[in-house]
Every structure is written in C-alpha cells, then in structure tokens.
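Heads up: the structure comes next, in structure tokens.
Every chain is named by a letter (A, B and C) in the order it is written, and numbering of its residues begins at 1.
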C-alpha cells in the first residue's frame, strides 16, 4: 500500500484549516445569536452570501483604487451587519415569544427573499474576486505550493477568536452576553436593556457572517445557492460544538474542516453521510454539544 | 352560522375535487393530483406540528423513503403498485420509529435539529448510494401502473388514497389519542402529571406521521415518473412546513388548504416571473405577521365564530 | 402510611436543595410543609411526584417503593398534584382540560377511533360542578381569571381520583377573599373524598387553620414537625421565622 507523502498531508491539513476558518466565522455568529436570542437563524447563510456579493460589488466599484479589497471587505461586512440590524429591529423582534416554528419560518422567508434579491442584483453567473496584490501568489511548503491568501485566513481566524474572547471575558458587554446565553432570566435582574442587547447581538452575528462571505470571495466562486449549502454546514458546526457556545463553534469548525478535507480522500462515498451522522450522534448523546451547556430559561 | 359549522367540509371538498376531470384541462388534472398528494404530506406533518407541538424540520425524510421504496419495489422486484405504495408507507413508518426513538428524547430546537439531521442522512445516502438509488440522477422511468394509465384515472386513484388517509387521520385527531397529543402540545409537564406517557404518545404520532408522509412520497414518485434525492432535502421539509403554516396549523384541513394555495400560486406566479422564491418569501413573512393562524385559521375565527375566546370569570 | 419519605436528598450543582428529609403522611391526614423561600419545599414535591429523581433516599406510596419512577407512572398509582404557577392546558376548553385527565385516568388514551366528545361527559361535568366551574365548561382555559384557573387545576388533579393530593401553594397570588373561598373548597373536597392532602403554603393563617400536622423546612432540612400547637411554640421555628423578620 502506498502511503501518501507527508507534504501532501500537510497541504491537505492546511486546506482543511482554511475551510474551518470560514466555517468558524459563520458558525460563531449563528451560535451567538442562538445563545442570546434563542432564534435559529436559517438566513445566516444568506447573510454570508450577501457579504460575498457586496464585496464583489464594492471591488468592482472601486475598480482602480489601491487597497480596494480591504475597503470592500470592511464595507460589505458592515453593510451586512446593518441589514441584520434593520431586520431584527423591524421584523424579527415581533416574533419573540411566539411558537418557535414561526421564528424558523421567518428566517426561512429571509432565505428565499435574499436569494432572489441577489439574483436580481447580480445575476446567476459565477462571479469571482481576485486576491489582494499583497497576498497574491503562493508560498512553497515541503515542495508543495499553498496560496499566500489562505495562510492569511488561517492566521486571521484565531485572531478574531482572540478578539472575541477578549470582548466576551474582559468587557461588561461581553459579560452580559455570556450571562444572557446561560440564563436569560438573569438579564432582568442585571437591569439590561434587552431590546438593545438583542439588536447588538444580531448585528455582531450578521457582521461575522458578512465578514466570512467577503473574505471567502478570492477563494471560491460566488454563485446563487452558496447560502443554502453553507447554512447546513454551519448547523453541523454549531450542533457539534454546542449551540450557543463560542468555543464550540471554533472546535466544530476545526473538526468539520478536517473531515471535509480528508473525508473526501479516504471515503469519498461516505463523507457526506458521515457528517450528518456525526451531527445526529452528538445530538443524541449530548444535545448541548461538546463544549456547550444545557440551556436554562 | 351554525349551518356553516355543521357542513361536512371534507366531503364537500372531495366531491368538488371529483368534478375536476369534467371541467379542467389535463394541466389542471396534474395540478390537482400534485395538490392532493402534498395535502396528505402536509396534514401528516401537522399531526406532529399542530397537534403534538413537535417542530419536525425533517419530514421530507419519510416522504423520500416512501418514494424510493415504492419506486424500487416496482422497478426491481415487480411488486404490484398498491402493495409497493403500502410498503413504502410502512418502511417510512419503520424509519420514523427508528429516528423518532431518538428525536423524542429532545425538545424544541434540539428536536427540530435532530429531525433535520436524520433527513439529511437520508438525502446524503440517496445522493451517494448510486447502485441502489441512482445517485444524483435519481430513479427515472418509474413505471406507471397499467390500470391507472390516464391522468384522470391516476387523479381519481390519488384522490381515493388521500381521501381515505385524511378520513383516518381526522378520526385519529378526534379520538382520545388525539386529545392526549393536544395535552402534550399545550403543556407536556402537566400532561405527564395526568398520567400521560409523553414519549410514547410522541413516538406514536411520529410513526403515524412518517407512515402517511411515506404514502404521499410513494404517490408522488409514481406521479412524477421519477424519484430524486431532493425529495428528502431540507428545503423540501421547509416547503411542507410553509404549506402547513399557510393554511393553519391549528385546524385539521388547514395544511391541505395551504398545499392547495401554495401550489396554485406557484403555478400562477411562475408563468409571469422566475422569481417565485421572492414572492413566496414575501407571502410567508406577511403571513407570519398578519395571519399567524393561517388562512383557514383566520376564516374559522372570523367567519364561523367558533368559540368565543374572550376572558371570563371573576 | 400513605406516603413515606425517608432520607431524601437532592443536589443541584453542588447545592443541597433537599438534605435528608423524612416525612410520613397517614391516610386522610391534612399535612402542610412550610418554610422560607428556597427551603426546598417545591424540590421535595418534585421528587415525590417524579419530576425530579432524588439523589438519595426512598419514597414509598401505599407501601410501594416509587423512588425515581417517571411522573406519569406515579400519577397512575394515585398521586395527583397542582403547581405553584398556573399549569393547565391553556388553549383547550375547561371541559377538555378536565376530560383529558379523566380519559388518561381511565386508560382510554390509546383509543384511536372513538369520537372523544361524548366520552365521560357526566363524570367530567360532575368534577367541574365540584370545583365550581360548571358554568365555564366551554370557556377556553387560558382565558379564565386567575382564581378560576386555580380551580381548574384542582379539577384536573381530582380527575385522576387520587389517594394523595399534593398542592403547591394553592392560594399563591390570591386576594384574601379568594384565599378563603379556595381553602373552603379544598377542605370540603378533601373531606368528601377522604383525600390525603399534603400542601405547601406561605399564608400562615391558612396553614394553622386547616393542617393537622405541620412540617417546617429550612435550608433543605426539616427543623420541626408536629401538630399546629407544637410547631407554634417550637423555638427553632421561631428563630428561623422571627430571625428573618429582624
């Protein structure tokens, strides 16, 4: 039997890590929103897709400006956060306290609307964004080449995780969010403006999704349908890690990234089934996920 | 008003539907068949959603299993259609027993997620198991049973199967069993403490819903002449949920009405624009905010004045 | 003994909510459990009725060890309860609320085909009459006034013809007038049906007027037990209650 050589495995691992970082950006926002608002946002993949399309649009807009990619990433992610905030404030808010299925279906209505609006605005073709010049080209690792941009993503992911760790654990806002995720009845006791907190959390979650979508543009082609595909993967990630758990999202993303990267090599037929079986097994054994806690309130 | 309440709406609707082949074109016969099948699918889902309070986000699993089982039995084992259809339902029911055993241990959003995960397993298996299911090209050329070889005949047959199934389900929700399901929907903790074995009833409802979703799937596969993995994809589960909410989850015929409205609108809108999802999304959002009880729920509350629901007492 | 609780313990996250509690209730007794908030009364109730599984100890009902049984099984043995917060089937009518409990008690729940409307009509209406809701049979449970909902809860509990009825704060949130009426109702029903009654209550007037035996809990333990007169003069009880008042 021929063993695959080490350098190939390293590249495969790094590519899984890159996938994981995008998954982490989407899933952490999804998980945060669920943790605080108790709303499972099917439209989170749509926000991610919107981030990608907006980034594409902005890059085209600033055609010749230097650093246009970074401006586009920033603009797109903030744009998605604003859209998220408006939707939460004007619509989603009215459904709190109603049957869970109403909230689920409302976010699904958003999926339908956003997918068609994107088609109306950007068509159905495959779009792409080129890598920013500073991160163009590849580096060679063990006789293999690996895109420089992907290395940037692999570094950026943990940096954002660290930033969030800092916000969640070292600031008052973070403490409130963590308390809310654990026990919502505590919020009233702490005298928190629940309205504003919900909007803020939804916007942060949307921002993370938008950021993920904007950053993924140089790596994949932007096509309609990327929303529906990514949301199921994000669900797998948050279920494995634990709905409402920030670190769970990181762990789940790392796990799913590697499964997607190596699973295809080892068991091409079964990797797709395998991830859903994994999701089901975690739900059966430990519904609150590997790093989550059972919910109260 | 009392007259309106006492009318046997189900039978009247069936009688009206029976006239369709005499007045409508071939096209409307297809639409009618489609609506009848999806009506059964939606009503079976509503046994869980509206009656037991369980949000199944993976009902398409049983629809798909029923469709594949029925089609494969006919294609590969030459089993007669009626038996294949029944076997498809039974197999879907068996799968519901297996999956449901795990699902009912969870509540609320976790329940929904696990039903979704199981449905995705079914979808992925259908997608990848080429030798059995034909993979992503699906099963095509599913034979049409000879005795139903005209759209009108198949339409009547479908109407018969759906009519019998709905009559059965209506009987079930009006029985003591159905009442126990409602207590679970209203308040599982209290239900436990009037002596209701909550999990047993939830599982029983899950299996019944799975069986009838499977029958609907079996019918649909034959009607469609083909079966695809997407029969079990999560968007299919979402679609049938929308039908149920659209018609009204707290009425028995609501989901059937929802199926009719959705498919009719779909036909209407797609002849004008390709942006049907956008229209559907807007309708769905408007519905959730303006008519949360669904179309039939709204009609019942405002036209039939069933039950005054104002506060009373001291 | 109808109910025997021996050395029952329940721990939440390292916090001893119920710490080695012993309670016995004889047939036909009316017993009260009192104590400050957080004393562990409701937790003890939840252990007895199967909502919680105790971490230690034994609970016997009519001589059978029912420790750790699921709630629905314990209910079937003849234990019924009401809850501190309103706990009914809010969108069913008053009639349907009570009828459901009757159906379950009569083990008709697995009947898939008999039309439910006419089943046990008399029995259900008699129960409604008994708890003073005969005129509200067709009202939707959740739309009733607070007092009526409490009465409905009692009706649901009685529908399973219990030998032992546990009432968790039956007069919580009631006005003085409502409290007197409710207590009169409970006393009358307990006498007519020869029920054994175990209840928690914060209103001391109520407790001392109807209870034959009183158990006092504090921080998960029992600190006193006896007749109302014995408990009234108990020094430990005075310390806990008066100490709090200081």
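As a working rule, a contact is a pair of C-beta atoms (placed from the backbone, for glycine too) under 8 Å apart; a residue touches a chain by one contact, two chains touch by 3 or more.
Worth saying up front: this structure is predicted, and the values here are computed from it rather than measured.
The greatest centre-to-centre distance from subunit C, using averaged C-alpha positions, is reached by A. A summary of chain positions shows that the Cα centroid lying nearest the centre of all protein Cα atoms is that of chain B.
One finds 41 Å separating the Cα centroids of subunit B and subunit C. The geometric centre of subunit A is 49 Å away from that of subunit C, both derived from CA atoms.
Centres computed as Cα averages put subunit A at a distance of 32 Å from subunit B. Not a single residue in subunit A touches at least two other chains. By the touch criterion given at the top, residues 49, 55, 57, 102, 105-106, 108-110, 112-114, 116-118, 120-121, 124-125, 127-128, 234-235, 238, 241-242, 245, 249, 275, 277-278, 280-282, 284-285, 288-289, 292 of subunit B touch subunit A in their complex. By the touch criterion stated above, subunit A contacts subunit B in their complex at residues 34, 38, 40, 42, 91, 94-95, 98, 100-102, 104-106, 108-113, 115-117, 119-120, 228, 232, 235, 239, 243, 269-270, 272-273, 276-277, 279-280, 283-284, 287. Chain contact summary for the complex, subunit B toward subunit C: residues 171-172, 174-180, 182-183, 186-187, 189-198, 201, 250, 307, 309-314.
Listing the residues of subunit C that touch subunit B in their complex gives 49-51, 70-72, 75-76, 80-81, 83, 87-93, 96, 99-101, 103-105, 108-117, 119, 136, 138-140, 143-145, 147-148, 156, 159-160.
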